[in-house]
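One structure is given below, encoded as structure tokens.
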Amino acid sequence: MLVEFALHHAWLVPLLPALAFLIIVFLARPWPKLSAFISVGGMATACFFATLAAYGVFTNHQYTEHPLVYAARWLTLGLPGMPELQINVGVQLDPTSAMMLFMVSFIATFIQLYSVGYMKGDPGFSVFFSYLSLFAASMLLLVISSNLLQMFIAWELVGLCSYLLIGFYSHKISAREAAKKAFVTCRVADFGLLLGILGLVITFGTLDLVELSERVANFREYTTFGTMTLLAILVFIGPIAKSGQFPLHVWLPDAMEGPTPVSALIHAATMVVAGVYLVGRMLFLFHEVPVAMDLVAITGAFTALFAATIAITQREIKRILAYSTVSQLGYMMLALGVGSLTAGMFHMWTHAFFKALMFLGAGSVLHALHHKADVWEMGGLVKKMPITSWTFVIGGLAIAGIPPFAGFWSKDEILVVTLNGGHYILYAMAAFTAFLTAFYMWRLIFLAFYGEEKPENHPHESPWTMCVPLIVLAAGAMTVGLLGTPWNNIWAEWIFFGEAHHSGEIAWGAMISSAVIAVAGIYLAYTLYLKDKEKVKVKALAERYKSLYNLSFNKYYIDEMYLWFNHTMVDGSAKLFYLFDIYVVDGIVNGLGGFGKLSGEGLRVLQTGRLQNYALVFFLGVLAIAVLMVFAGPSTASLVLGGVM
Amino acid sequence: METSIYSVLAFYVLAAVILGSAILVVSMRNIVHSVLFLAICFIAMAGLFLILDAAYLAVIQVLVYAGAVCIMIIFGVMLIQRTDMKQSNLFNRQTFMAGGVVALTLAVSGFFAGTTAWADLAANTPVPEDSLGQIGQLLLSKYVIPFEVAALLLLVALVGAIVLAKEVKANVDD
Amino acid sequence: MLTISLTHYVVLSAILFSIGLFGVLSKKNAISVLICIELMLNAVNINLIAFSKYITPNEFIGQIFAIFVITVAAAEVGVGLAIIIAIYRNKLSVNLDEFDWLKW
Amino acid sequence: MSFPVLPVILLAPLAAALVLVFVPKDEHKLIKSVAAIGTFVSMALSFYVYFGYDQTLGGLQYVIRHDWIQDLGVTFFLAVDGISLPMLLLTNLIGFSAIFASWNIGTRPREFFILLLVLITGVMGTFIAHDLFIFLLFYEVVVIPIYIMVVIWGSSKRVTKEYAAMKLTIYLLIGSGFLLVGVIALFTKSISILGAPDMSFSALAIAGSQLSAFDQKWLFALLLFGFGSLISMWPFHSWSPDGYAGAPTAVSMIHAGVLKKIGGYGLIKVAVVTLPVGAHFWAPWMAVLGIAGVAYAAFGALAQKDLKYVVGYSSVSHMGYVMIAVACLDVIGLNGAVANMFAHGVMAALFFSMIGFIYEKTHTRWIPDMGGLAHQTPKLAVGFMMAAMASLGLPGLISFMPEFTIFVSAFDNYGGLAVIGIAGIIITALYVLRAGANTLFGPPRTEYDHLEDIKGVELVPLVVLGTVLVVGGLLPSLLFDMINSGVVPLHAEISNVLQLGGNL
């Protein structure tokens, strides 16, 4: 009964946090506690409905084949009977969106709960919660969208919220710039996505996802292959920025300028997975175009490796996590690129738990150390902050891919599908990335939580509102992967593209090798950072490969390149256009004015201002008219005189 | 229409007086002399009006022009001309240009005067004896509105002249 | 020829008008200009009355016109003189060469 | 006879202006209240008309028509349809807000508000007149108060306010001069076709579409120049940034918000409908000019350091979209054009009113001199950011759907060329965010610590325009259904002519 209600009122899920946003902004703002209560309450209720809806979808197998869609007219242009453009907004529920709905609302709830403790005493407490609610609402709207344009709208709203939240400490210039960077970077990519959407609506005449997928399937009847490729690539440009893929990943590490719960929300549940989700949703389009699929896969694999190589040298705790997010998103893209919605979504699912956990753990650490972010200045935190540390370790095991933690199953799934698809180079890249992942994540753990305590730090355990989410998420990070074990793969029965293609055959080789790779990574980190107390070997290595180290530490100078491009090319051409405007365009205008003025000055000589002079000229005129009238005849005269007579 | 030699003679004499005095009006260097010749010109013109059977207008001419207007101008001159009277009425710098325009005007109007067939227009009936009575009748019947307007004009001109010429007092209020 | 026709009057009037015009255009003294305007108006009057006699002797149109002209002329002289006096009061001069007020 | 609602809407501000003449000039509160009441009556009634208009019926409604100058076929013809109604509503929304945005005017408020009310009346008149003569009459009424207001209450920055006023006025007058030539030529040609002089839009449309292709082309060129310079079509745009920078807040609001739209409105309602063949011929050029305007002005805005110049250039850029949309000559494009004019009007007015408050409080508009204002004046910052977000076309705010529809149509009709125009959204985001960030965010400056946030009646522009911004964004059909009901028949007429005269 309640499940039915939740299924058919799934729009309530985004609406509740949106309402919370409105109530906080207009009413509850002066009372921080009330605001927090409204926000968390709204989110929890939404999560409740989302859970019910997800339960409804997962228990009813008809929705895996035919999504539950209901929509309302939003905009119609053209004649009522045969519109030229019709946009509907609505809800599309299938296992993919139901899973996302549950995941987003679940994680958002706990992050909000965590924020109650983390943001305590902040002057913008209420505002922060209103933003969080709006953020969650936008993301949930994106998830349930039945229409590509609706999805785009939510997509942009997510971008707006990230802008607001990254720039939450707006008195800091770095936060301000990071927010701007996030927005503009995503904007550049959205330009591509928008073009893709325009192309789709022009080519196929609809943006409803279901209809679109049907029409795309028969595309050869009315469009060419080249168009299709172009469209797919354009659509993919959007996710490149949103999901932090190379080369538009630059905003994501900077996004940690926001409060830590925001980073957790962005990195785990909302913003970045939007891109992956979009690609997953549009897989029917990519699937038709092998080139686009390859592009997605290669971008994903490259990003994964690329970000991992940066992460190994970073010093700030949140920056390391940020690059690890970029890397993990690369995995998801890789999975989608090789055609496995199952693996991609599965990794997104597990990643959401352990990454949220790790970010919240990092926030807890920062909270305790008064925002000292450098991992080299931490150490031995495990003694003073046991809950934070142990949950973080669980997260570390999960992301490194140690069985039976969540990350292992999903990462393994990706490696297997890559290998099965015959993409050996991509597999090698992914496997190496897995090694690096284990290494840098455990480097972080060994440096921050183990080793010697630093006397200048006075850490303390965080309050319960922060610890409960950590524990819950840690439990999730341990268990959620069990949904998709090779032995009992419920996941693959729900979420797949095309045919459910789980063979049932267990790829022992891949599984064992990925576990070994993970252990090797951890061991390397152990020898370099924990066993070697003075870190001699590390310093020697950094010294020996100094140029490589610098390249990695400075993130391959990509930010600098963008900065240069922005300041030289864009601002330069802006200056140029402006100068052209005031000197050439305005020059012509003012020149015309000047010409008028000059000729006026010239003619002014004729204007003596003397009465008799004027009378003389006037009389000459009278004479001329008289002569004209008489000799030319009245009709001609009237013509010449302009019809005056 | 009968024409006596006297009327012809009278016309030429009067015309000569009118034109001669008009030229003197323009050419005199003393403004008072100019006004004097203006009065002579006006009086001669009244004579011309008599020849034209417009006795009433001749009277008006003498009264208004030779009398009122000339006197008024003399007053004007007296009010403002306090320097050397001998140099009071000179030509300006555009005299030659003005001469050209005037010559042109004369030529054009002379040409028109000469070429127009005036004879065809002539009614060839004598002017009624009681011109004054008829004019009076017309002014108060057919032309009553222009008449009244003219009266109003005079009133307005009167007020206007007073306002314009009134001595501006140094602001009493301050 | 010893008859006086309309042509005579028209020519006389034209000459008188031209003399007046010449005065208007070339005299320095503002009062003199006013005087010359009177000459021109009188030239017109001659024309009007001559037309009245020769063309419409019974309707008196010309004469009535002339009456109005005289009226207007009287008014004009009055106002004109007042203006000149007002100007004189401000500038202590009636020399038109010194006035170029018709431009800004 | 029903209640003559349109004349009342038109005359209410004028009546208020008339009342103001008799109000003592020192009664500042009273003056402002009278002005506010006048515009409020108009606004309320135009809401009534907007929601009372029968969209299924379409066509001209609330018609008032009286003979006026019969020899010229001029009738006093007021009516609204789906295109003019949004514009009327927009005018009143902005007019009402503009009164409150200039609430703190200290010098000669009575004269200011009288002129402002006359201005509002004039602009409204252009949108509800359906007679070309009346249209032009109201348009000319508009120009003069603007000149006076800029000269007296304006501000001199890069250029003096006198220069700005002069440039603005002369530019618009030259534009309307060309327009007038075109209109007169059209009118004289129409007499022989119609058999009797008639200046109404509908009659001229019938006559105009029967003109030869050659006539249509050169006439359209004249009208395009006239309306184009009004809508600040590139390269006839340079009056716009200077003019807005020099003008007082209310004038900037009304000018950028609605007056500029007279160009687009006229282009659609007069030029395109009357001369479809000419429009078809010039459409590619219009598109090119529009796209050039979008990109060029966006870059121009990027180089600005004065807030008003930023918005000035941005409005040129946005009007470029309208030009592109009109050039598409299809249902989606025309819908987008009108909707974008509405959306940009609301957004630009909000932007200018917020900048006006910032200037009033900080006495500067120079971006490097500001920073961190969000901490001292949070409500102002909210308004500013809303306008900024609308300006960069954020979904959920009013300007997204118009831009989207324009993009659909432009991409459909002009393909790759349109991409350059669409790329404008990136640059827009860059300059808008940069201006916002450098003004509002960053470390708060101590010299602005004493500033008071906007409060009381100063909030009216934010509330009124902000509400429209959000509601129009969430429910675009409120706006689009209305516009669509006007555009569909109009487009049917055009395409009819174009099909018949395809071989002209």
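Per-chain residue numbering starts at 1, and chain names A, B, C and D are given in the order in which the chains are listed.
We take it that a contact is a pair of C-beta atoms (placed from the backbone, for glycine too) under 8 Å apart; a residue touches a chain by one contact, two chains touch by 3 or more.
Here the structure is a predicted model, which means the values were calculated and not measured.
Relative to chain D, the most remote chain by averaged C-alpha coordinates is B.
Centroids of chain B and chain C (each the mean of its C-alpha atoms) stand 6 Å apart. If you average the CA atoms of chain B and of chain D, the two centres end up 63 Å from each other.
As a whole-number value, the distance joining the C-alpha centres of chain A and chain C reads 92 Å. As a whole-number value, the distance joining the C-alpha centres of chain A and chain B reads 97 Å.
Residues of chain B in contact with two or more other chains: 92, 94, 97-98, 101, 105. Among all residues of chain A, those that touch two or more other chains are 612, 616, 619.
Residue positions 21, 25-26, 96-97 of chain C are each in touch with at least two other chains.
Contact between chains, as defined at the top, is found for A-B, A-C, A-D, B-C.
Contact residues on chain C toward chain B in their complex (touch as defined above): 2-12, 14-23, 25-29, 31-32, 34-36, 38-39, 42, 45-46, 49-50, 52-58, 60, 63-64, 66-68, 70-79, 81-86, 88-89, 94, 96-97.
Within the complex formed with chain C, the chain B residues making contact are 3, 5, 7-8, 11, 15, 18-19, 22-23, 25-26, 31, 34-35, 38, 41-42, 45, 48-49, 51-54, 56-57, 60-61, 64-65, 68-69, 72-73, 75-77, 79-81, 88-95, 97-99, 101-102, 105-106, 109-110, 113-114, 116, 118-119, 121-123, 125-128, 131, 134-135, 138-139, 143, 146, 150, 153-154, 156-158, 160-165, 167-168. The part of chain A that touches chain D in the complex is made up of residues 73-79, 84-85, 149, 152-154, 156-157, 160, 167, 170-173, 175-177, 179-180, 183-184, 187-188, 190-191, 194-195, 198-199, 201-202, 570-571, 573-578, 581-582, 585-586, 589, 593.
Interface residues of chain A facing chain B in the complex, by the touch rule stated above, are 612-613, 616, 619-620, 623, 626-627, 630. Those residues of chain C that touch chain A in the complex are listed here as 21, 24-26, 33, 96-97, 99-103.
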